[in-house]
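This report refers to the structure that appears directly beneath it.
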Amino acid sequence: MKSKKVAIVGASGYSGEVLVQLLLNHPHAELVAVTSRQNAGQTLAQVFPKFASHPKSKALRFTEPNVEILAKQADVVFLALPHGVAAEYAVPLLNAGCVVIDLSADFRLKSAAIYKEFYAHDHPAPDLLKKSVYGLPEIYREQIKKALLIASPGCYPTSILLPIIPLLKADLVKPTGIIADSLSGISGAGRKAEVDYLFVECNESVRPYGVPKHRHLSEIEEQLSLAAKTQVTIQFTPHLIPVNRGILTTLYLEPKEKLSDEKISACYKKIYGSEPFIRLLDEKNLPDTKNVNGTNVIEIAWRLDSRTGRLIVMSAEDNLVKGASGQAVQSMNILCGWPETAGLI
Amino acid sequence: MKSKKVAIVGASGYSGEVLVQLLLNHPHAELVAVTSRQNAGQTLAQVFPKFASHPKSKALRFTEPNVEILAKQADVVFLALPHGVAAEYAVPLLNAGCVVIDLSADFRLKSAAIYKEFYAHDHPAPDLLKKSVYGLPEIYREQIKKALLIASPGCYPTSILLPIIPLLKADLVKPTGIIADSLSGISGAGRKAEVDYLFVECNESVRPYGVPKHRHLSEIEEQLSLAAKTQVTIQFTPHLIPVNRGILTTLYLEPKEKLSDEKISACYKKIYGSEPFIRLLDEKNLPDTKNVNGTNVIEIAWRLDSRTGRLIVMSAEDNLVKGASGQAVQSMNILCGWPETAGLI
Amino acid sequence: MKSKKVAIVGASGYSGEVLVQLLLNHPHAELVAVTSRQNAGQTLAQVFPKFASHPKSKALRFTEPNVEILAKQADVVFLALPHGVAAEYAVPLLNAGCVVIDLSADFRLKSAAIYKEFYAHDHPAPDLLKKSVYGLPEIYREQIKKALLIASPGCYPTSILLPIIPLLKADLVKPTGIIADSLSGISGAGRKAEVDYLFVECNESVRPYGVPKHRHLSEIEEQLSLAAKTQVTIQFTPHLIPVNRGILTTLYLEPKEKLSDEKISACYKKIYGSEPFIRLLDEKNLPDTKNVNGTNVIEIAWRLDSRTGRLIVMSAEDNLVKGASGQAVQSMNILCGWPETAGLI
Amino acid sequence: MKSKKVAIVGASGYSGEVLVQLLLNHPHAELVAVTSRQNAGQTLAQVFPKFASHPKSKALRFTEPNVEILAKQADVVFLALPHGVAAEYAVPLLNAGCVVIDLSADFRLKSAAIYKEFYAHDHPAPDLLKKSVYGLPEIYREQIKKALLIASPGCYPTSILLPIIPLLKADLVKPTGIIADSLSGISGAGRKAEVDYLFVECNESVRPYGVPKHRHLSEIEEQLSLAAKTQVTIQFTPHLIPVNRGILTTLYLEPKEKLSDEKISACYKKIYGSEPFIRLLDEKNLPDTKNVNGTNVIEIAWRLDSRTGRLIVMSAEDNLVKGASGQAVQSMNILCGWPETAGLI
């Protein structure tokens, strides 16, 4: 199988670190460059002691990000940068012929106006919004195969979209009144030196935040609207909980008609039955982040509540793997024509 | 102020331990007996090393529970026992003239039928259901003053009822479609030697459980129905999160008419404005369990979502204090005629 | 009992926060001023939501530190400032007639030269070193009664000195070859926005640091030398462990002669037998930080190892209470002539 | 490369679980049987939901342990059983021609008398003590190649022996006065339903235990004595800290003669310089369990203390991987003639 050269721009955050880990051990991708302004000049082994036993970790050094050099070195470039900044790199890299897989929010929306509403600045490259593919492989696998620019989804959106989209597409639940209540590990806040994310501030603490209008709502609602073929507005409440990794999402949905466990099960099995990274739980099990952490798997379970008539769907994923870097590698595998699970199990 | 003698039956669990702590340091209550089958014969200092510096901890020994002796020793008896067992003690203690404050679920419901539905056995003393007072002081203060049998509320119910009842009573929200999504620390599971609650099984794990029909629904719905003057059925999803203490509840409510922040604020301030243990947060703050742990305070905040039209109310409490033992002591203070905050701040 | 007015300079760190908590609830001290450059203008309730239920929390506002104003307001001033900075406030406050209780390292040493060796700058007020009293009440109670400047000990030193000093004074162990291996919760690093202390960097992590020459060695060795009446040099290895609070220290000592459990027990009981904040454990118990957290108590246990001939002594304390603010309040109680336990139990 | 069939007896504990994980994904070993009395009849997917995405997890069922059947199915049998019980399986399995890799303490000692002293019962198969090989690959690689019975080392011993043995063999440190102070994650206590290991009992707690005579001392001292060619007695203090995985050991050693950093570095590099699973840290880094968790790597760092003359050596490992199951697989790789790192990186 033909291997490709890959680079990571902005590799010193938590999702950058997981990308490094996955790409160092990938059977077909060769990691040729990692950039980080603050760590330029240092080796991977120096910045990430836990990778120091990997032979390449002492040879590969962080560099200042330079688009021209990157474009010469790499076939595929991952951007693990803040929103707004990612677009600055995406444009010239695409022009230079690289495939770009962006982990930021910059290319996830189709509408520059909604981008501005949620991110509070003009979109830096609105023309590209039409060309980018939303990198949710279980939903957009065919489009990813031909993509040049992948907008890899956010961690919360992945945990919400994968459980709901099949139900909306099959017309089993109403597109109105949807509630998503999510619990996220602290790594979701990034490797930022802020008091709010100090150990002492997070340990023995549980708290909601960003209520009621979190930025991720924009991409969640756009994708749900596409699936439902009507405008969808949802309620979304994120909470911070004292774990390093993991998102647990509980979804409250209203059935369109009388549903049975069999019907829901059939719907999920038809769409996800052979997906390598979706684990549909049975009636005896509920999701638990400890069963997915460190893997690219999302667990999904559901319960019909005969008392309220509601359908409760719950999901668990590792926010840094299926919710970020693992999913980005999954997209890379698809578009490079490699086995979708390469380097991921 | 006249002091009273108090006893704790079943003092070796987590809420028993907090009761011991509160009563050892109470200005008007004198702790005269603690019972525990497994610890009988040991001193408080031996069973709870952290209380060993208290002068009484080396003098007071756990005994086998004996109703006759307890009735002679104590004016007020707290029961920190499993449901079903508590009633066995309550009946003879009441007959012997003691005031009983029960932390179990045995006397929280008015209906023996609902008790059987949710607890899977016949109620052991259905006659007492009419006499017991639901020990939520902010709602039932007047009844508590004259009570002989207090059914102290569960931890989840407290975190749900205190935020919702004022809104239902003021007719600001619909009694239908209510959703309560709760996150509980592991002490809520009790001091039980079960694999599910081992450190390694809980740390770096987040998981829902008891979906969709948790036992606490019975008392939550009964109390909400009383407030709304109509039958209320709610959706309730508890989750276990890796903290020792604390419950964070997020409530999804539908306004009856167009609501404003001012109207909600006025409603809460009118009912809770001078409550010593309810902290109404402003528009800049959201509840955080670390701000209430170790105290008898519940924090309440709300946000109107103009996008969805919903009202989001969030609460935080220490499940072992306001959610259990602190609230029980608060009830004791009221019925004994002591300052309501005695021993609690 | 005559009450005094107290102020805290630098009240926004972790030990400042615990000081606020203790002084808000102190029966004889009246908290009249709290300073913090970054929080000036805000109320206690705004900066520390968990104190918001205290009546004074909405009245008392942080101010910019101003020595003249402080000197007029307060009889006793606590300094919870970084080393080097504390001295700048101590000098004028003392001159203005205040009693100063300093939680920094600035006045803990008798030698300005050793200060310079360990803190890498000249001592800012060397004349005061002779006047300051090392605020370890169990050792220096008489001197504290008459002190004007208290240098409250560091958290590690407290956990090491209290267990060793009685043994050295009684000539039971050799002053050579002492090893102190300490485990500290993350609050010991202060409320600093640094990546090293982020939740994700500390959780599921254990690590030594500052090996082999930690700054606290200077005061530890000076105090041990005074007790042993000979120059003592020890080995000290601090480790960071993922808890908010608590220090667990394990000490390796060599008996001078053949020791018995009785002899050690007698030595400790003679010196500490009636100390309210020292809990001597028996042969069945070992220290555990969870038994002292939130209290001003230090637990001490010992084991003679007949295989190696060594004496192992272990201690547990809350680094922010007995290791910092609680001990400072204990010193205040002594020098103000109040009961030593006032506001501490 | 010729593959082998392997079985695990007692696969439901924490080290059994890691063994399952490693063997499910091993390139040359085929996992054919897993036994567990309590889980007999269930599939791997049912007992360990996190492995449920592995194709074999739904096919392979736990069985009651049956030596005859196991001997027919497997070439190599791992025993993850309590001490005393392991020997009962080892004897007949060896007789039936299987290679046995035992993770218990049953075959780690050469002396049945010392076994009895530390484990409080007669050794169940003393004849085998001579035949077993202590499975520390970096020290006994040649013997492991020809072994039929491997006694895989304990977690604490691995963290202590690997750093000290090279220094003793090179005669750089004295065999007397050695102190090992170790901090272990809670998984070291096993998946046992005991109150002491509940989340609430361990979180926000740090505590020594088993002081001064922990069972692992027996194998530690036997191995150190072999390396030093003289009887070695050490001081060992284990502590429990609230992490799932990881052991951090701090060793206090006395140099035999004046040592330099270069000499120590040369000693370690000579012995461990090309070891795939030993990471020697430089003067800028100290071990951190988060850098080794989930891997078979042990980190080692050292500091000479010019003040005390001592050598401080620190190590970090994952107690369930390098400290248990990973090391056992490493031994299997060696004795089967496979690459030593197969299935481990």
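Couple of notes before you dig in:
Going in written order, the chains are labelled A, B, C and D, and every chain counts its residues from 1.
Heads up, the rule we're going with is that a contact is a pair of C-beta atoms (placed from the backbone, for glycine too) under 8 Å apart; a residue touches a chain by one contact, two chains touch by 3 or more.
A quick note: this is a predicted structure, and the numbers were derived from the prediction, not measured.
Of all residue numbers used at the contact between chain B and chain D, over half are used by both chains, marking a mostly same-residue interface. Interface comparison, C-D versus B-C: the higher count of C-beta contacts falls to C-D. For this pair, chain B with chain C, the centres built from the Cα atoms lie 37 Å apart. Centre-to-centre separation of chain B and chain D, using mean CA positions: 46 Å.
Distance from the chain C centre to the chain D centre is 40 Å, each centre being the mean of its Cα atoms. In chain D, 201, 203-204, 242-244, 288, 290 are the positions where the chain touches two or more neighbouring chains simultaneously. Residues 14, 185-187, 191-195, 197-204, 242-244 of chain A touch chain C in their complex. Remark: chain B residues 179, 181, 183, 201, 203-209, 211-213, 233-235, 237, 239, 241-246, 248, 250, 252, 286-290, 293, 303-305, 307-308, 310, 312, 314, 316 touch chain A in the complex. Across the complex, chain A is touched by residues 25, 49-50, 52-54, 204, 276-277, 279, 281, 285, 288, 290-292, 294-295, 297, 299, 345 of chain D.
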